[in-house]
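This is the structure I have questions about; it appears just below.
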């Protein structure tokens, strides 16, 4: 091989070495997923070997040269049953095992910290509860369960972190969620895997897993000064949600304190859990989600708040455990004029109350 | 020469349905139309939809059985129609199964 | 490889192609364009799908060239998107769906069941015209700038966000759908109603069973795709809709309706190929197919269960977890009949007397590649692993293994197998064996690395990718070049053989199907006299007796 | 081959062994074609069911804006046309030429009447601004009193703006389904015109009823689709 230039050799060697054949395992679910993966590889190999062995062996043993006269055979129920039942059994094992992992990946533990991800053509916007905003990047601490709540502003996207073996579609109009617990600090690929138009292949970024100390430092250094809930509070006040949703006994909207996670009875008698999905619906399409005992007078905010804004409002409502903060918004905020055309006739008196 | 493997149902020797049957069927169809229309003005809760669909199914069956001669047709034709119905119901029911168990929206 | 062969050609010094056959009976363009003869329509189909295969193949070449380097340097991202979309659309709807049924199936099914023609010759011709119209609209789409939805037309991307030619592409697929509906309908009617005396269901060749099953899927599945596309087109034109959430619609409904067709469609794409494999394996091992009934019923089982698994394409798209569970379970069930078939074919070889002509080489290639492709389907059907592997190159590799390694191999096997019947001449054996081996090597080099890429997480439909994936992509591109050569060769030597191939005689393979008991190329109405089936399919002893009788009578 | 040729009636196609086989095959083919039609409409029905369950109030009030009179009349018209066609098939089977022509013409006319009525209804939707995408306003759902005739009858409550928008979904499906149905009617009527001409010439009263019979299947099938569209679209909830 001496005639190949050494430079080229080195280049080739380096190039080949930089070709990974297996992705890093950087989350708690990754080894579990890989176990199933290798099980499947194993049964595939067994099956393939069997098929190849049979074909090759028979081809050699019964080639025309060696075996000029074929022996006619009808079939064999016993054999056929064997190769029906064994693959079926193996496939069923794969099914059960797969389903266990599937439910694990899509059922976040209750103590997981929640990060919102909004996908749009062609970027990922990440909103941390502490008010840190990121684009095409996601910083997470090692060793903590992190839940992602995903939504898309336009078309389908898909949030994929191969090193964690998790992936979830961000779909327009609805929250989806996925969770993981990173185990190894480092920087990993983040892809949008659902085809979403021209810039699909540019919708990539990094997931940075940090030790908790570094993570805290990062949190502190990249905050905008306001937490997501505080942003939400500001939005809440500026949209004058508090004109109706306040703690007064005669309020025209339901009291939002402690509403998150509670069971609500709706106008039409159904009960729902007030989770993020419900709250989002209630903000964007309020008339369909009016709580029992309240008139469906809330205007829709469809098209007026971005998905990011909705996320902030939800985060705000989630953190409302006492009426105090709510009252504060009434007292401290100078409300912008209400958009008359959009608002269903406000009851007299509401406006005057608000002014300090 | 035209001995076939299985004796095909010889539909060329058509079962000719008598006009009386047609008249009876047409009249019942009209009556059922009137009935379904009238019933829709009565409040039966969820059963409004059920009754309306049930009547539609009865009407459709009448058409299929008599106007379309299904009643006098070969097993093959019956099986064919059944297969169509079956796949149609598969489409609807399995799609619905997803929506119902997803609890998205108001089910 | 052994030198033994079963080829049994007539004496070359005296052999002649019969003067009177379906090719020579009438002349002139019109006699082709207005023909009702299933064999002529099959020929028209063969020419047209080959044309579209090479367009699709050229687009595949462009894809692979672009992916040679990590940057999107050969073409811009939106061009790349159009290229893979057109590649997928053309390959699926204009090549693979009609490939075996509309060409080989059209050609041999009437002969196999002992009929003079398909039941509805005019509908058959109409189906070809619809196909050509669809092809025309597709080419038009490409001319005016292409479409970049991906072959899956995903809403709401396709309905509101793209400004490429979604409508004309949708129209093309819509029309192609009706072409395939008519083919399927025709087959079902023919198989039910046109069998010759003595041809009971369990004497039918397995190729007929497989096409019967595929036809059921065509007839019942395709209309759903048609209405879905109509809704997409309506949404696009009047900006209202049932699919876009911004208007109160539901994008998952689109997915449900689309995959309700497109999952069964993948079985439309494989079942006829499985039929070919049954014929080929039996003929070249001189043995009846092991467990005929099991193979026959597994085709039907695939067709029936194929309707219940569509949502396995939507596991991560936000369907209910419980629905995912059910669909995953059913996916496992639908995989079993395929496994049955593979093992039955393997055991058909047992105690056979095997020779390795080209069709057999392709068939053996099919067994290996389809096993890999199918088993990786299990990876995707298991919900857990699907989360990681979906929308990556693992899926791309999976479906190329089943579609290219499976169906395309089967198609080539079938073309070589029935070529002597079709044209009356043999293809050149040595070079075609060489081509078969080349495709096999090229194929593995192209698509095996994509499994690893997928496991590494490389997303599909990416014009540019992180550099760490380059090495495997280079292998893949190199393989595609080899593969391209492997596919070009048959076109060359088959064309050559039209003139210079050895005269085949009526039954060069000494196969048992009724189509081999008539002259090649066959007469316009196939048989001089309607045959009477008095033996099982694949009854080689019957054939021997028959041939002994002929020799005696000469 | 040739010796049996003389027995074949002229309408037997060359590749069939017997008329019976020809009839069986084409009849079966027609049924299969109807299966594809079932699945074609099946997609629409699925979409309809989902939307109806999500946006039930919108669907109820939107359906109040359809004319129950015309809808019911049209159902009756279509059923009658099915009846006349069935009678036509009977006439063909019993070789009554003038009866056949009469029945076919009646069917033809009833088909046209159906389309005219459909046209009247569509026109009404156009006037009322209920054509999605082209001419649509949800004003009379936000404020039902705007349309006094309907308000008097049903006392519809105002829909919230969000829900009122969804009436457009209803009308989209309404037009898609009735439009698709009407398209099938148009095709049917065209074929019917052709059949009438041939029947006039006596083509179907000489024992060869296949074509009429199969066309009958198609026509009855289109009727069945309407039998389902009628309650689904018109009768969602007529009580108040």
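Labels for the chains are A, B, C and D, by order of writing; each one numbers its residues from 1.
Please note the rule applied: a residue touches a chain if its C-beta (ideal position, glycine included) is under 8 Å from a C-beta of that chain, and two chains touch if they have at least 3 such contacts.
As the structure is a computational prediction, the values presented were derived from the model and not from experiment.
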item: Which of B-C and B-D has more C-beta contact pairs; value: B-D
item: Central chain (distance from its CA mean to the mean of all protein CA atoms); value: C
item: Whole-Å gap separating chain A and chain D, where each centre is the average of the chain's CA atoms; value: 45
item: Chain B and chain D: spacing of chain centres that average the CA atoms, whole Å; value: 15
item: Chain B and chain C, separation of their C-alpha mean positions in angstrom; value: 36
item: Sites on chain B at which at least two other chains make contact; value: 1-2, 4, 8, 76, 83-84, 87, 91, 95, 99, 106
item: Junction residues of chain A - those touching two or more other chains; value: 174, 288
item: Per-residue overlap in chain C, given as positions that touch at least 2 other chains; value: 192-193, 220, 224, 252-253, 256, 260, 318, 321, 530
item: Chain B partner contacts - residues on chain C that touch it in the complex; value: 192-193, 195-200, 216, 220, 224, 252-253, 256, 260, 307-308, 311, 318-323, 326, 530, 533
item: Interface residues, chain D side, partner chain B - complex; value: 4, 17-21, 23-24, 27-28, 31-32, 34-35, 38-39, 42-43, 45-46, 49-50, 53-54, 56, 68, 72, 75-76, 79-80, 82-83, 85-87, 90, 93-94, 209, 216-217, 220-221, 223-224, 227-228, 230-232, 235-239
item: Sites on chain D touched by chain A in the complex; value: 159-163
item: Residues of chain C defined as touching chain D within the complex; value: 115-121, 123, 181, 185-186, 188-190, 192-194, 219-224, 226-228, 230-231, 234, 237-242, 247-250, 253, 256-257, 260, 525, 528-530
item: Interface residues, chain A side, partner chain C - complex; value: 15-16, 18-23, 33, 36-37, 40, 43-44, 47-48, 51-52, 54-55, 58-59, 62-65, 67-76, 79-80, 83-84, 87-88, 91-92, 94-95, 97-103, 105-106, 121, 154-156, 158, 160, 162-163, 165-169, 171-174, 176, 189, 191-202, 204
